[in-house]
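Please find the structures below.
Look at the two complexes coming up: chain A is in both, with chain B in one and chain C in the other.
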Partner chain A sequence: MTQTQRKALVVDDAATVRMYHTTLLGDAGFEVQEAANGLEAVEAALATGFDLFVVDVNMPKMNGYTCVETLRSETVGTPAPVVMISTEDRPGDADRAYAAGANLYLVKPVAPERLVRIARLLTSGPGVAA
Partner chain B sequence: MNPLLAQFLAEAADLLTQVDEGLLQLERTPGDPEMVNEVFRAAHTFKGSSGLFDFPELTRLTHAAEDLLDAVRAGALPLDSGMTDDLLAAFDLIRGWLAHVTSNECLPATAGADAAALITRLRAPIGGEKVKVETTVAVARRDSAPAWLAYFDEEWLAETAAWLRTTSAQMRFIRYVPDSGCFFRAEDPLHLIRQVPALERLGLIEPVEWPEAADYDEYACMVAFVFAARAAVGEIDYLFRYVSDQIEVVDLDGDTIQRYLSGEAEADAAAPSEADEPGTVDTVRSSPSEPELVADARAILTAALRSLAINPTGHVHLVSVANAITAAAHALGDPVEIREPDVVALTATVTRLLGDTPPPEDAVSTAPIEPIPVDRGRADDPGGQVGSRILKVDQEKVDHLMELVGELNVAKNGLTFLAQAAEEEFGSRALSRRIKDQYSGLHRIAEELQASVMDIRMLPLSVAFSRFPRLVRDLSRRLGKNIELVLTGEDTMADKDVIEALGDPLVHLVRNSLDHGVETVDERLATGKPGTARITLAAVADGDAVVVEISDDGRGVDPTRVRRKAYEKGLISEEELETLSDSDAVDLVFRPGFSTAEQISDLSGRGVGMDAVRASVEKLGGAVTMRSELGSGTTVRLRLPLSMAVTQVMVFSVAGQRFGIPVDLVVETVRVPAAEMSRVLHQDVVVLRGEVVPVLDLARALDMPWTPDQTQDRAILIVGVNGQRVGLLVEQFHREVDVILKPMEGLLAYANEFSGTALLGDGLVLLVLNMKEVLGLAARVG
Partner chain C sequence: MGLVRRKAEPEQQPQAVSSDDLMRQLDDPDPEVRRVAALGLDGVAEAVDALLDRVAAEDAPTVRDAMLTTLAAHDTDRVAAGLAVHLASDDAELRTAAAEALSSMPISVPALVPRLLEDPDHDVRVMTAMVLADLPHPESLTWLAVMIKDDPHPNVVASAIDALLPSLGPEHTELLERAVRRFPDDPFLRFTVEAALR
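The block that comes next holds the complex of A and B.
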């Protein structure tokens, strides 16, 4: 496992879910920040370089898809892994997430150990050499 | 309480209020898409958070409500008042549950039963129980019984068959074979079974042969269950939605069971076969973490393939996909190096990686997982919360801070005593001045600190108003009146104590308006008014006070009737009956024991009238007045201090004992030569600037023996109470001080003549007088 502390941003409008994800990732060794909607997430990403984003889909102000699109756009331009977690499991939702730039689309509930495992997996790769 | 649960409860309170307010708003402006969306969002967020906890009934009920709201949002059906009632009832029930959770950390035992009826009602408009296609368990309506019926005991089956045949009811029979590795996926079969609604019978399927102790794997589930329940299909589906592949549900009627029992219909298999047995030891994965990691890596690769197929547009996006691929390859132990990411090369790489690593036996990635029970040990540290800029602080902490500010004030006041002592006892005027300088510096800081803390305690009036839309709606329906409630000035801020204390008087006044003020639709139309009445709650800041007005356009108060009633009740004399002006007559409703309603309805309460309202408002240091015009409506005006945390009191002494009175009641202090005091009709009076002011002997009223020195001027404190000036004969005037008024507690709470106590800087406890009561006492003593 990597020793340097990875920074993660948890984006969810539900404060309890946010706290839950923050706690999980924090215990797994991440330095976690929170954002209550897409807009706050974009603002946070402009200020700080994150190594991982965990993003909810349904949020006020700016939803998850737009948020991820913005993270990938020139405005922010971060290639860091994005995991989207949603309560919705409708056909096409996953593709919307992948089109926006997410690296993995999960449907709630996600087992805590799985979220941690995926977070570690996605942040421990060697990355693109170029 | 575990912090995650505490967080949820705090969040839930906000969200539920939003839902309530939104629903009521929607009744006024039906179909407002913005509002529908807002309500849906609040409900959705609530569901998202509630799903983290093991409150299945809560999740089910919220889900049903959310589905209904979703249908409304999608325009599939209009929201009618019946649905609104059901939704409000659902969220009321949830609110009740959360109160129970707050004290007991679990839902009340009746939750399941309470929820069931509501869920059915909520689901009715959207076509009954919603059955999600992807999680539907195939319900086989079968004419032949499955072999596993043998696991139920025969006697019970026979009884049930007879019962089903007489009632032509149906029962669901379910076999649940938990995956042997289920514990690793946080599935808890026993817990699931326990939650089955209307469970009638449970049978256990043990393995044919239990393994030897040495070979025994306690982490593998080796048993399975059969059970019978009268639950709805949807309920079973929902409960087992994450293990839908592990259960089999059949609907059997009495005849089928009977045929099975008599052996007429051959069961599917003669006996439970080996294949029916749950997992044996060798199917358990040796190391559960490995395959799961592989599964996750594959899930990421599959997602990357999907992304590549959609054809990522931006370079950043492509780099992120490449990053994910290298990370997944790294995890799979098959590292790849990517120099320049391009769609074609990446697709080839992913395809190769996916081809090289076969999926693990149990594709974990596709298996959804149980809701996570709260891990009490892990949620201790919420971690850095940088995102939100608003701090939610426990009320108690702010209260404590306020107390400390109060103590700082007391300590600060101590300096003035010290300055006095320096001068009088030690004869050092210079030291006294320096202490006073120090005091003024400290005073400034203390004042600023106090202002900041008070600011934290300020809440908008909307907190006090928020319950009224609902209250008015419910009551007006019950009374059969049409009422529009208008709220204005909800942003006006006041101290939280004031807001809290305002609640009951406001409820009383609004109920009064609804009950007595506003006429029925027919009455209104007959007098040429619009059928819909209007009740207005308006708040406005006015200097150091906040003014709240409750007005209605109802029938108003009839002064003649009030006068007659007051006379009948012996509240006024015959002479007053003749002479009392209309506005004074209206004021009579505030007299204790007055009620004009011919019939006391259950709404306005019994025995507590406007006098209770006046008493509680005055207890807050406020005043209440009423204006009414017969036929066109009534306005009650409450004037309250913005804050009641710090009170400025004037200190004076009577019979050697110091007392305080709130400074805002003091009109002036005068010294009058004893000779200028006169007596009119057994009442001491003093003439001030041509006005005759009655003077009450405070010492006598308080039953404290004291005779003023005849040679000295009389010290008279002129106070203004209820718009009247009254003089109080006191011994000596002292300073004004800022104090935190503590209410009288215990037995002393009955001492109405005192509104509270305060600690002075020199350690003395100051009794602060409740002027109204004292004047009453003085009048009685004569």
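The block that comes next holds the complex of A and C.
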């Protein structure tokens, strides 16, 4: 039986970060889409089911915390795992991320093999993408 | 009977609201009243302190945006300094909104940049790169280049490279390659530079 390709959404306003995470996850076998801010991410999640979200914190239009809250709200209601990755390592940032609904909060830079390992672990179940 | 010219009825003019009233309305429980008041204070120099005092505590995003729009239009040293402190805020929405406002203030922000580039908090320097990315000022690219060349934190350097990306030219090649040599163990920075040079 062949395993269905997992779908990931990379959300970051920095083009280079999007490219980096897209390349890492794409090389690891994920089908990856990109969004440049939280609003685009919510629109993408309403249109497509994703198995994984990789979300930045500081973004224009809709920041990462609000984005994750919206993904978890009735509006979108996705149960897919969310990894938040930020340059911010202030006290309370991780708590804020988990309160919003993230499964994991990582501080940049994240080693490539670590991100891939985490992505595979978090999506090792039956998957949620439509 | 001849036509009788009727006296023209006075047009309904919206009642002028004084600046004092608008400043009082900044504390109204209705966010829509606060939003309209914040926008109505555009150009009112006496309102700057009232707006700066309230922007961090304002919990309605539309009101906060209105306050920041009005404040940014002033583009004065007082406003720039008052907003720059929020680049260090623990509130992600506030620090991003402050960065966006500052990036639209090309008159007053340049004087702040040297201090921001030296801020001991690397997160503030990352936010400074976000400000410089959109600041319409002839020195913006130079400041970003300085960050890439000298900043000791790889996240700041990567943010500055991302901000410089739309304006990158062959003249930046050596600068970027040197950044990779400064942080040889940072795979993201290496990737960023390789992508930028492609």
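Going forward, the second predicted complex is superposed on the first by the 123 of 130 C-alpha atoms of A that agree within 3 Å, B and C clash if a C-alpha of one lies under 4 Å from a C-alpha of the other, contacts with A are read in each partner's own complex, and residues count from 1 in each chain.
Keep this in mind: contacts are C-beta pairs under 8 Å (C-beta built on N, C-alpha and C of every residue); 3 or more make two chains touch, one makes a residue touch a chain.
Model, not experiment: these values are computed from the prediction.
Colleague: Please indicate which partner A:T16 is in contact with in the superposed arrangement: first for chain B, second for chain C, both, or neither.
Modeller: Both partners, chain B and chain C.
Colleague: A:T66 in the overlay: touching chain B, chain C, both, or neither? Say first, second, both or neither.
Modeller: second
Colleague: Once the shared chain is lined up, is A:N58 touching chain B (first), chain C (second), both, or neither of them?
Modeller: The answer is both, since A:N58 touches chain B and chain C.
Colleague: Look at A:T87 in the shared chain and tell me whether it touches chain B only, chain C only, both, or neither; answer first, second, both or neither.
Modeller: Both chain B and chain C are touched by A:T87.
Colleague: When the two structures are overlaid on chain A, which partner does A:A36 contact: first (chain B), second (chain C), both, or neither?
Modeller: It touches chain B, and chain C stays clear.
Colleague: Would you sort A:S124 into first (chain B), second (chain C), both or neither based on which partner it touches?
Modeller: So A:S124 only meets chain B here.
Colleague: In the superposed arrangement, does A:P109 touch chain B (first), chain C (second), both or neither?
Modeller: Once the two structures are laid over each other on A, A:P109 reaches both partners.
Colleague: Report the partner of chain A that touches more of its residues: chain B or chain C.
Modeller: B
Colleague: Following superposition on chain A, which residues of chain A contact chain B and also contact chain C?
Modeller: Residues common to the chain A contacts of chain C and of chain B are 14-17, 19-20, 23, 58, 60, 87, 89, 108-112, listed in rising order.
Colleague: Quick one: which bits of chain B touch chain A in the complex? Just the residue numbers, please.
Modeller: Counting only chain B, the residues touching chain A are 3-4, 7-8, 10-11, 41, 44-49, 51-52, 134, 185-186, 292-293, 296-297, 299-300, 303-304, 306-307, 310, 312, 314, 316-317, 319-324, 326-331, 335, 337-341, 364, 368-372, 375, 378-379, 381-388.
Colleague: Going by the contact rule set out above, which residues of chain A touch chain C in the complex?
Modeller: Counting only chain A, the residues touching chain C are 14-17, 19-20, 23, 57-60, 63-66, 87-93, 96, 108-112.
Colleague: Which residues of chain A touch chain B in their complex?
Modeller: On the chain A side, the touching residues are 9-10, 12-20, 22-27, 31-36, 40, 44, 56, 58, 60, 72-74, 77-82, 87, 89, 94-95, 98-99, 101-105, 107-112, 114, 117-118, 121-130.
Colleague: For chain C, which residues count as touching chain A in their complex?
Modeller: 90, 92-93, 95-96, 99-100, 122-123, 126-127, 130, 154-155, 158-159, 161-162, 165, 186-189, 191-192, 195-196
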